[in-house]
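Here chain A shows up in two complexes: once beside chain B, once beside chain C.
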Partner chain A sequence: MYKVSADRIDELFAKIAAARTLYLPVDQNDGRAAYKEWSQGTKMSSQLNTVRSAKGFFFPQTTNLCDFNLKDKEIEVVDIRDESEDFVVFGVRACDARSFTILDKVFLAEPVDSYYATRREHGTVVTMACTEPEETCFCSVFGIDATAPEGDASCWCEGGDLYIRANTEKGEQFVSLISDMLTECDDTAVKAQQERVKDILSKLPFANVSTDYFEKNTLLDVFNSEKWAKLSESCLACGTCTFVCPTCQCYDIKDFDTGHGIKRYRTWDSCMYADFTKMAAANSRNTQMQRFRQRFMHKLVYFPDNNNGEYGCVGCGRCLVRCPISMNIVKVMKSFGEE
Partner chain B sequence: MHNETLIPRIGVVTDIRQDTPDVKTFRVVGTDGKKLFEHIPGQCAMVSMPGVGEGMFSITSSPTNTEFMEFSIKKCGTLTSWLHSMDVGQQITVRGPYGNGFPVETTFKGKNLLFIAGGIGLAPLRSVINYVRDKRENYGSVQIVYGSRSKDDLVDYQEIIDEWMKCPDTEVNLTIDREQEGWDGHVGFIPNYVKELQPDTSKTVVMCGPPIMIKFTLAGLKELGFTDTNVFTTMELRMKCAIGKCGRCNIGNKYVCKDGPVFSFDQLSELPNEY
Partner chain C sequence: MQEAIIKRAKELLADGTVNRVVGWKAGDFAYDVTPAVFTSAEELDKDFLYNDFCAPNLSKYLIKESRKEGKVLVFLKPCDSYSFNQLLKEHRILRDNVYVIAIPCRGKVDIGTVRDSGIKGITDMECDGETLTIHTLYGDKTMSHADSLGDKCKTCKTKKHAACFDEMIGEEGEPNNDGKRFEMVEKLEAMTSEERFNFWRNELSKCIRCNACRNVCPACSCENCVFDNPASGIQQRAAVTSFEENMFHLIRAFHVAGRCTDCGECTRVCPQNIPLHLLNRKYIKDINEFYGEYQAGENFDERAPLNAYTFTDCEPDVVYKRGGNA
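Up next is the complex of A and B:
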């Protein structure tokens, strides 16, 4: 473990940015935090989390897949992919860090999604331990430790110092970029902080929400439950939950005619939208109840069924904060847990 | 750079056959004049005209055809209407093959096979039927029950008459929904016709057609004593990626594009009825 005085953080960022493009959470004019590229004078946000998750670094909201040039009856396919540059995402929370390993299970499964894989290979994730979790946080429900975040390297801010530990080869390369600013140290201060924060985490209102129901009941039992009708009753189908969610990865593929050719791109999509499954002849999920059920079945049943029991939620709480009707995955889990 | 399945290859349309008033069969090869890729009967490919759309279609030709692939496509939406309007020589894009295909080299081997198709539902079965025809010694008897709205709506009618009906140990039963001039064959819906035919329950059934046909035919087959494990079908739902990542073609925890499109009714019985 290494440390550097937190007073020197601007100097630290400058050093990282000299070697890699550096992104970090920054307070916007509206007071909300968002990931931005660092430049001289950029201050890191002290807020718990960004409004949008960090998934966009590896799965951007839109990705150009390829281009086509059309001439009479002929088509030219243009592979527009290029090697992306190395970058560092600094200050990622434990929940978002875990979301990357969940997204890996989708995008890095055969056949590998090369757009995602390339960005993943070039990105270094540097996480920041949480010290002031909020009441909407429930990452511990999914076995995530906010005091020991994953990532290529992990950081802790404690007593005026920034502590850094490398977890992977990429993390060690990151540390070597700034090694002349770091001094080796023991983890006493970090451990003390972890003890203190773990106590807060255990007292959070959703710390004990149970996933038992989904482990003890069959896929069809959960699917056919009468609870979905009531739970989905007020859903506006706005899709906000899927946009802010770090693990939602459903996408659409569209073509755009630039006037000079066709750009094929993919965009984030939402299973909450009526046209998501609409075909020329029929729609397999005709009602908002079905679409609502799909989203939660995916995270709580289908994904775990296909991934050794791992849930498709990281408990970041963004959907709890943003849903206009205050419906969310915690309410769904609690509702089933009451049975 | 990694391979990328989402980037398609170019296919050239070398022949267009008007099968029925709203179904055309398109013959496709690569720009080098050769078959684009090998496939298993029942597998699909993403066919696209850039700027218009991309959609999943079953490869209706048999893998035993070494020269080209065929797609039988019904005109029913934006992309299919465009494809119906194109001429021979047009380039399109193709990527695949996708999906599991029918178990022709395992479960089906040595079995007596009963194919039941309704309308354009023949398209995915044609690949299996011609595969079985070309490897006739590997399979038992073949019975094909095929129906559509009218005589004019029977897809591949000429191939059925010229080739399937003349194939050894092969019985072909055609039906149309309503009486029609020039038709002296069976008239009536498929579920009833199958019941009338009283097929032997030792047969392995491969069925494809509109949902309503599947529903009533399956019920009829069960009355006759067929079990879910011996009845196979091929599904279709909206797809974008074809590789189990875009998130929309799932039935429960199975993706039709990747885990299907071929399922036994035994497998489907464990999944939500959401298709």
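Up next is the complex of A and C:
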């Protein structure tokens, strides 16, 4: 483990940015945090989390896939993918860090998604341990330790110092970029912080929300439950939950007619949308109840069934904060748990 | 107030006037209220809520609810009543199937506003008159009720209901004429066109195309939105160019112009905190200036200024007279 005085953080960021493009959470003019590229004078946000998750670094909201250009009667297919540069995402929380391993299971399984894979290869994830969790946090339900975030390297801010530990080879490389600013140290201060924060985490309102129901009941029992109708009755069918979610990974591929060619791009899609399952023949989900159910079945039943019990949720709480009607995965889990 | 509302709802359920109630349901914390349908006295006792956190406008739910079996009871705050009346005018709600009770509102606490003030870990809130006590994981905080309001309530247009209700619980309020409603629009109008363009590009570039603004909007009640229709040629999610995102909001604002009652739900639900209501308010302000004061949803019989021609209407060259900075 290494440390550096938190007073020198601007210097530290400058050093990282000299070697790699550096992104970190920054307060926007409305006070809410978003990931932005660092430049001289940029201050890291002290908020717990960004409105949008960090998934966009590897799975952006839109990705241009290729262009089709018309030349006389020939169609030319152009691979327009930009060569990815090496970048560092600094200050990622434990929940978002875990979301990358969930997305990896989807995009890095055969056939590998080369757009995603390239970004993953070029990106170094540097996480930041949480010290002031929100009431909407429930990452511990999914076995995530907010005091020991994963990632290529992990950081803790404690007592005016920034502690850094490399977890992977990429993390070692990251540390070597800034090694002349770091001094080796023991983990006493970090351990003390972890103890303190774990106490808060254990007392969070949703620390003990149970996933038992989804483990003890069959897929069809959950699917056919009468509870879905009530849970979904006031859903607006917007995509807020989907788009702020760090693990939602569905997308659509679309063609944009530029007038002299086609831009083929992919764009985040939402199972909450009426045309999500629209096919040439018909639409397999005709009611909002079915669409609503799909989102939670995916996260709580289908994904774990296919991935050794790992849930498709990391408990970041973004959907709890942003849903216009305050319906969310915790209310769904609790409703089933009541039986 | 909540007790009186629940009592009346139970009476109307018991005597068969209605067979269900659209209202607000309590969540895990004070602020996470969900619109819900209640069908029994037990459900009402357990979960029905009416307090300083019940911001969601229930009127749009009546489009569907009024087409179901039996009569439905709904509680409308002043601003919700204008949306309801406008929807009636557009023949979107079947009036005979709805029993409306008007209820007062003193402005709703907005959790986004409270959070953005830097208060973290909010587990509960209570409002005792003018002061909001906020219980958090990190100790109790206080905030004035006035400071905790959302945009829609800070610049409330009226505490007086549109005349569309069957009965009223509580006292009727008064229109708000403090002039604050158009303050921000006036600021934007005073900008140079470049400043204003940059303001909107900055705000709209945050859009994630979640469609929450459109889906919550009582004026957006098309059965199949042009942006959801594959046959329209402009069906899209987030598009290849961010400029298109901007156009989505402008087209939407134009489409609801003259029908938008300024309920402010678009801004309340925006996960990216975009002040979308300012687009609508600009149109409302222009309509007021060009065609005389008009409040959408206020009168059931009145023809909307954009749907009617009078000799006093301004000529299109008003745009040039305003110096191109209108």
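Quick note on the criterion: the second predicted complex is superposed on the first by the 333 of 339 C-alpha atoms of A that agree within 3 Å, B and C clash if a C-alpha of one lies under 4 Å from a C-alpha of the other, contacts with A are read in each partner's own complex, and residues count from 1 in each chain.
One rule holds for everything that comes next: contacts are C-beta pairs under 8 Å (C-beta built on N, C-alpha and C of every residue); 3 or more make two chains touch, one makes a residue touch a chain.
Worth saying up front: this structure is predicted, and the values here are computed from it rather than measured.
Trainee: Are chain B and chain C a fit on chain A, or do they clash, once the structures share the same frame?
Mentor: With chain A as the common anchor, chain B and chain C both fit in the superposed model.
Trainee: Touching A:V301 in the superposition: chain B (first), chain C (second), both, neither?
Mentor: first
Trainee: Under the stated touch criterion, which partner chain does A:D252 make contact with: chain B (first), chain C (second), both, or neither?
Mentor: A:D252 sits against chain B and chain C alike.
Trainee: Given the touch rule stated above, what does A:E135 touch, chain B (first), chain C (second), both, or neither?
Mentor: Second partner only, chain C.
Trainee: What is the value, to the nearest 10 degrees, of the angle subtended at the Cα centroid of chain A by the Cα centroids of chain B and chain C?
Mentor: 90
Trainee: Would you check which partner chain A:D269 touches, where first means chain B only, second means chain C only, and both and neither mean what they say?
Mentor: Both: A:D269 reaches chain B and chain C.
Trainee: Between chain B and chain C, whom does A:K278 touch in the aligned arrangement: first, second, both, or neither?
Mentor: both
Trainee: If we overlay the two complexes on their shared chain A, which of chain B and chain C does A:T118 touch? Say first, second, both or neither.
Mentor: Once the two structures are laid over each other on A, A:T118 reaches chain B alone.
Trainee: Can A:K73 be said to touch chain B (first), chain C (second), both, or neither?
Mentor: Touch status of A:K73: first partner only.
Trainee: Once the two structures sit on chain A together, report how near the CA atoms of chain B get to those of chain C, whole Å.
Mentor: Superposition on chain A places chain B and chain C at a least C-alpha distance of 8 Å.
Trainee: Shared contact residues on chain A for chain B and chain C?
Mentor: 252, 269, 278
Trainee: If you look only at chain A, which of its residues touch chain C in the complex?
Mentor: Against chain C, the touching part of chain A is residues 28-32, 34, 48, 51-52, 61-62, 64, 132-135, 200, 203-206, 230, 233-234, 236-240, 242-244, 252, 254, 256, 263, 265, 267-270, 273-275, 278, 320-322, 324-327, 330-331, 334.
Trainee: If we count contacts the way the header does, which residues on chain A are in touch with chain B in the complex?
Mentor: That would be residues 65-66, 68, 70, 73-75, 77, 79, 81, 83, 106-107, 109, 111-115, 117-118, 219-220, 223-224, 249-253, 255, 257, 262, 264, 266, 269, 271, 276-282, 284-285, 290, 294, 297-298, 301-303, 305-306 of chain A.
Trainee: How about chain C: which of its residues touch chain A in the complex?
Mentor: 27-29, 31-37, 56, 61, 115-116, 120-123, 136-138, 202, 206, 208-212, 214-216, 228, 230, 235-240, 268-269, 271-273
Trainee: In their complex, what parts of chain B are in touch with chain A?
Mentor: Chain B residues touching chain A: 1-10, 50-54, 76-78, 80, 87, 89-93, 211, 236-238, 240-241, 243-250, 252-253, 270-272, 274-275.
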